[in-house]
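Two complexes are shown next, each including subunit A; its partner changes from subunit B in the first to subunit C in the second.
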Partner chain A sequence: MKRTKKINSNTFLLMITIVLFAVMYIAGMIIFRENGFAKPQMFLNLFISNAGLIVIACGMTIVMITGGIDISVGSVTALVCMVMAYAMENKGMNAYVAVVIALAIGTLYGIVQGYLVAYLEIQPFIVTLAGMFFGRGMTAVVSTDMIAITNETFMAWAKCKIMMPFGSYNKNGEFQQAYIYPTVVIALVVVIVISIVLKYSKFGRKLYAIGGNAQSALMMGLDVKKTKMQAYVLDGFLAGLGGFLFCLNSCAGFVEQAKGLEMDAISAAVIGGTLLSGGVGTVIGSLFGVLIKGTITSLITTQGTLSSWWVRITLSALLCFFIVLQAVIASIKKKQAKN
Partner chain B sequence: MAKTGFDIRKITGNRLFMPLVCLAAVLIVGGIFVPDFFAVSINNNVLYGYPVDIVNRASEVVILAIGMTLVTAASGGQDISVGAVMAVAAAVCCQILSGGETSVNEFANPLALAIIAALIAATLCGAFNGFLVAKLNIQPMVATLILFTAGRGIAQLVTKGQITYIRVESYKVMGGFIGKCPVPTPVFFAIAAVALAFLVLKKTALGLYIESVGINGAASRLIGLNSTMIKFLTYVICGLLAGVAGIVASSRIYSADANNIGLNLEMDAILAVALGGNALGGGKFSLMGSVIGAYTIQALTTTLYAFRVSSDRLPVYKAIVVIVIVIIQSPAFHRFMAEQKAKRAAKNQVAEGGN
Partner chain C sequence: MKKKVLAAFMVACMSLGMMACGGSGDTTADAPAADAGTADAGAAGTESAPAADAGAEDSAAGGTITIGFSQVGAESDWRTANSESMKSTFSKENGYELIFDDAQQKQENQIAAIRNFIQQEVDYIVLAPVTETGWDAVLQEAKDAGIPVIIVDRMVEVSDDSLFTAWVGSNFQLEGEKAAAWLDAYLTAAGRGEEEINIVDIQGTIGASAQIGRTNGLQAAVDAHDNWTLLAAETGEFTQAKGQEVMESLLKQYGDQIDVVYCENDNEAFGAIDAIEQAGYTVGLDGDMIVMSFDSTNAGLTDVLNTKISCNTECNPLHGPRVADIIQKLEAGGEVEKEQYVDEEIFAVDGTVATVNVDGVDYEVTVVTQDVIDARAY
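Moving on, here comes the complex of A and B:
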C-alpha cells in the first residue's frame, strides 16, 4: 500500500509517456518492418533529427517549472543559425568563434528576458513574444537570402559520424554499422546534466519551490527574482546551444528557419508531464515528449500516403489526449485530498 | 493645498490614460516624420490615406481583441488558437461557397448558409476550448495549444490542401466596400462588434460576473455565480468573434488560404490586450483599452511601412516599441517613479528647511 502511494503524479505521468512511446515505436516496427522501421539506425535517426529540439525543450522545461514560458526559442534558433552562417561565410570567421557567438547570443537573450521578467515583473508571455518578434526581425536584418554553410571545420563537425557497435543488414546482405552524430552526444549530455541539476542541486530545488508557490518560497527566504533570472539565463544559453545543434543539422541560415519550434518545445514538455502552472516537470519527460513527436512524424512519413495536415491533426489529437489525461489525474488527486 | 476644479490626477489616473498616450505617441511620431500622415483624400469614391489604412487594417485584431479580453479576464489565460480558428472559419465558408471547386465565379450555395456554417464551426472550436478550460480546469494556453496546432490542419483538410478562390463581387464586399460607401466594410464590422460587446457588458451584469470570476473563481461560485459556465461562455464568444474575423480576412483576399489567414494574429490580439493596460493574469478588464491597444499595433505597423521598413525587418522595431510600452506600464517602473518623486519631495523639504 505504501509503495503505490509513493508514486506521485510526476512519476506517473512520466511512466505513461515512456510506455506510450514504447508501444508506439514497437507497433511501428511491426507494421513498417518492410520499410526499415525496425533497423536500429531508424531509432537513432530520431535523436539525430531532433538533437536541437531536445536541448531547447530542456530549457523550456526549466522556465516552465518556474511558472513562466519562453516563446522566443524558435526565433533565437533562426537568429543563431543565420548569424553563424553569416559570420563563417560572409565574414570568413573561424568556426570556433562562430560557436562562441552563437552561445553568447542565446545567453544575452536570456539575460535581457530574465531581467524583464524577474525584476521588472512583466508577464513572461509578452516579454518572450517581443523576443520572438525581435529575433525573427534581426534574422532578416542580417540577411534575407538563404546562406548555405561551406566552412570546412564546421562541415567536418556536421559530417563526423560516431559508429555504434551494432548495425543491420541492407538488402544486399551487407552489414551496415549504425551511427550517430556528435549533436546527439551533446543533447544527451545536456539532458543528463540538467536532470541532475534539477533533482539534486540547490538551484534545481529552488526552481521547483518558486514554481510551486512563489509567495511561500519568498517567505522561506529564497531570492525569487534572482532564481527566476538564472532560470531564464540558463534557458537562453540552452536555446543558443540548441540553435547551434540545429544549425549542424541544417547547415544553412534563412529567415523562415525553425518557425513554430517554440510550440514544438512547449508541447514536448507538456506531453512529458510538465505543467504550465509551474512546480512540476522533468527533462527526461520532455526528452520522451520530443521522441514521441518524432516517432509520429517518422511513422507518417514512412507510411508515405498521408498528407501533411494529417501529421498536424494526429499530433494535436495526441497532445489533447495527454492534456486531458493530466487534467483527469489532477482532479482525481484533488478528490483524494479532500476525502 | 486647496486646488479648485481641475485635477490633473483625475486624468492621469484613468485606466485608459496610458494606452491613449502610447497610441498618441505612435501617431505623433508618424505625423512628424511622414509627410501627409494625417491627410485623407477620396480616390475612386473611396477614402484613402494612412489613418484610413490604420482603421481598416486593424479591424480583425480589434474583433479578436474583444474576445481575447473577455477570455483573459475570466480565465487568467489567453486563447492562442484564434488565428487557427479564423483559418477554419474561412475554409468552411469558402468550401461551401465553392461547392468543392478550387476556383469559382459564382456561388455554389447561398452566402448566408456559408457564413452561418463558418460561424458555427468557429463557435464549436470556441466551445471545445471552453470545455477544456472551464470544465476540465486545463490551463488556457495549454488547452488552446491543441487547436493552435490542429486548426490549420483541419482547415487544410476542409479545403483538401488547396487555396479555394471565390471570385464573386458580393463575396468581396465584407473585406472591401459596400456599394458606393467610401468607408471600408471591415471598419463597420469592428465598430459593430465593439458596440455590441460594450452594450452587453454595460447593460447586463455579465461584465461584472466575468471580472469576479477572474479575480476569485471559488469565491464567485460560493456567492452563487456559475463560474464554469461564465468561463465557458467567454471562450464561446471568443470563438464566434474569431469566426467573424476569419470571414472578413478571407473576404479581403476572396479566398481561403489555410496556411496564412490569421497567421500570428493571436499574438497581436494578446499584445493588444496587454497594451490596453489589462493584466494577463485575469480580473478587472477594460474593453476600450484593448481596442485602443489594437489600433496602436496597427498604427505602429502602418507608420513603419511608411518609413519604408521591409516586412521582414518590421518585427525588430515592433519588438522594441512593445518592450518600451510594457516597461512604462509595468508596476516596477511605477514604483521607481514614485520613489524618485518622493526623493525629490524630500530634497525640496530639506531645501525649504534650510531657509
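Moving on, here comes the complex of A and C:
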C-alpha cells in the first residue's frame, strides 16, 4: 500500500508535466500555425536544440532523487567543449580520443564530487559550487580564445542529418523532409536507459530509498555512501556526455559557454516532478521539463516582438506552480500517513 | 476536503487533456493541406479565431517581407542603438515584418532562434553573432531551406563562404587610420609637425576585431612618422574602470612625456580623462594631453563638446538601412557585394582639420555642437 502511494505521487506530478507540455504545444500549434509551429520539424527542433540539456537534466534528476544537487554541470559543459576544441584544433587530436577525454572529465568530476559528498558528508551545494568555479576557471586556463572546431570527423558528426520518413510542405509547395541529428538519438537513448535503471534496477530502487529517508535506508542495510557516490559518478558521466552533445550543437569552445545551464537543468527537473527534498522524480519528467522550456523559448521567438526575457519569467512562474504543488502533495501525504 | 481538491485537479487535467487531443487532431490533419483550412479554426475555441484572422490578413498583404533577426543582447548603448535601427528600418510601414530575438549573450539561443526562423519560413535571416565561430551546421540548414542569411556587426568564421549572403559591419582598420590621419593633420596645422610626439594606446579587449583594427591603424601611422613614438600599448578592456587604472599606471611611468592618449572606445576615454585630471594634468588641444576616442556615443560626443576629447571616430550601429538596401537588391534579383561597410563619420572639437585623407579618399570632419549631438539617433 505504502509503495503504491509513492509511485502515485511520482506519476501524478509526471502527468501534470506532460499535460502542461501538450497543452502549451498544441496552443502554440493553433495560435502560430501560420508561422510553421505545426510543422513536425519545429517539434524535432526542441530535441535538436536541447539534446545536451536533456542528458544533463537526467544526471541532475539522479542526484536530486538522492536529495543532492549538482550546480557544476554548466561549467563542466564549458570545460568539455573547450578541452575538446583545444585538443582537436591545437593539438591535432583524433575526434574519438577527444570524446573519450570529454567523458573522462565528466566522470572524474563525478568521482571527486561524489567522494566529497558521500564519504566526507559535505553539503552537495558547496561541493558542486566549488566544482562550478573550478570548471569555469580551468576553461579559461585552457584558453581564453574562442576556438572553432574544424576537425573533419567531428564536423561530419555535427552535420550528419538523420532524415525522418515524414515532413511538411513549405510555402512554395515543396516537400521538406524532417530531420534530426545523432545527438537527439543519443539523448533519447540516455533517457530510456536511465529510466529503466531507475525503475527496475536495484541501484535505482536504492536511490529512491536513500532520497526518501537516508536514515531508514541505512537501517534497512543499504550502503548509503556507496550509492550516493555512484549517483554522483553517473551524474558526472552524463554531464560529460551532455557537454559533448552541447559541443556538437555549438561546434566551438569558449569560456562563456553554457553559463546558467545548471539552472536550466534544475528547473527542468523540478518542473518534471523531481522533489528537491529527494525520493521522488523521473527522468521522463525531466525530459518534459526540458521540452517545456524549449517550447516557451520557441513560442516567444515565434511571437517575434516579446522580449526573450519572458522565457525566464514564464519559467519562474511554472517553477512556483510546481513547488507549491509539490508542497500540497507532501502535506496531503503527511495527513494520510497520520490517518 | 482533500478528495475534493484531488478531484478538481483530475477534472482539470482531464478537460485539458481532452482539449489537447481534440486540438492535435485538427492541426495535424490540416498541416499537410497548408493554410487552406481556416474553417475548422472555430472548432478549436475562441482563442484561435483572432489568430486565424491575422493569418488571413498576412497572406492578403502578400508583399510583406519577413525578416528574422537574432540579436546578441542588450549589453550596451551601442547594441541598443543597433537593435533600434533594425526595428525602425524593418517596420510594418516599410513593408516588413520583423521577428526579433534577443539571445541574451548565448550562442545556443541564437542557434535555436535560427532554427525557429527556418521553420517559420522567413524570407531573410539577419544574424548579429555572439561568437565568430560555430555556425556551420545551422547556417547549412538555412542554406538548405533556401533562406539568405545576412551577418551584421561581427564576422563569422565558416568553412564555406556561401553559407551567408552578405556581411554588414564597421571597418575598424579604417576607423583607426582616419583617427591617425586626423592627428597627423592637426599636428601639422598646429605647427607641431616636426615635434617629438609620444603616444600611449589604451587598447580594447585583446582579440576583438575593433581592437585589432584600431590598434593596427595607429601602428601604421606611428611606423610612417619618424617623430611619433608609441610609448606603450595596454588593454583597457573597453571599460571605464580598466581605462582609468591603465592610465594611472602609465602616468606614473611616463608622466608629462605623454602627448597623445589614444583610447579605443569612449568608456576607456572617460576613465583615462579622470586619471589624467586626478594626476593634475589637463586634457584637450590646449592642455597637456590630447585624448582621442572611438565609438561616438552620446556621452562621448558630449565630452568632445566639453573639449575633453579632441577627436572621436564613429562606430556606426545603424546597420538597418544598409541591410534593407541589400534585401531590396536581392528582392530585385540583383547581386550584392559580400562585405559591406557602414558609413562612419569622424568628429572633432574644432575645425582646424576640415577633412582627413586615407588612401586617397577624403573624409569630412564634423565639428561637434549641441545640435549635432541632438540630431543623432543614439
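In the analysis below, the second predicted complex is superposed on the first by the 329 of 339 C-alpha atoms of A that agree within 3 Å, B and C clash if a C-alpha of one lies under 4 Å from a C-alpha of the other, contacts with A are read in each partner's own complex, and residues count from 1 in each chain.
In this section, a contact is a pair of C-beta atoms (placed from the backbone, for glycine too) under 8 Å apart; a residue touches a chain by one contact, two chains touch by 3 or more.
Only a predicted model underlies this, so the values are computations on that prediction, with no experimental measurement involved.
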{"item": "Combined model on subunit A where subunit B meets subunit C, clash or fit", "value": "fit"}
{"item": "Which superposed partner A:Val127 touches (first subunit B, second subunit C, both, neither)", "value": "first"}
{"item": "First, second, both or neither for A:Ile194, with subunit B first and subunit C second", "value": "neither"}
{"item": "Contacts of A:Ser267 with subunit B and subunit C, given as first, second, both or neither", "value": "first"}
{"item": "Superposition-derived angle with apex at the Cα centre of subunit A and sides reaching subunit B and subunit C, degrees in steps of 10", "value": "70"}
{"item": "First (subunit B), second (subunit C), both or neither touched by A:Ala217", "value": "neither"}
{"item": "A:Val280 touches, of subunit B and subunit C: first, second, both or neither?", "value": "neither"}
{"item": "Residue contacts on subunit A - larger count, subunit B or subunit C", "value": "C"}
{"item": "Touching partner for A:Ile48 - first (subunit B), second (subunit C), both, neither", "value": "second"}
{"item": "Contacts of A:Trp309 with subunit B and subunit C, given as first, second, both or neither", "value": "both"}
{"item": "Per-pair minimum CA distance [subunit C against subunit B, superposed on A] in Å", "value": "7"}
{"item": "Those residues of subunit A which subunit B touches in one complex and subunit C touches in the other", "value": "307-309, 328"}
{"item": "Touch list for subunit B against partner subunit A, complex", "value": "78, 132, 136-139, 141-143, 145-150, 152-154, 156-157, 161, 267, 270-271, 274, 280-281, 310, 312-320, 322-323, 326-327, 330-333"}
{"item": "Residues of subunit C touching subunit A in the complex", "value": "2, 5-6, 13, 16-17, 19-20, 23-24, 26-28, 31-32, 34-35, 41, 44-45, 47-48, 51, 54-55, 58-59, 97-109, 111-113, 115-117, 119-121, 131-137, 140, 145, 157, 159, 207"}
{"item": "Subunit A residues touching subunit B - in the complex, by the definition given at the top", "value": "69, 116, 119-123, 125-127, 129-134, 136-138, 140-141, 144, 255, 263, 266-267, 270, 275-277, 307-313, 315-317, 319-320, 323-324, 326-328, 330-331"}
{"item": "Footprint of subunit C on subunit A - complex, ascending", "value": "15-16, 19, 22-23, 26-27, 29-42, 45, 48-49, 145-150, 155, 158-159, 168-171, 173, 176, 181, 246, 249-252, 254, 256-259, 294, 297-298, 301-302, 304-305, 307-309, 328, 332, 335"}
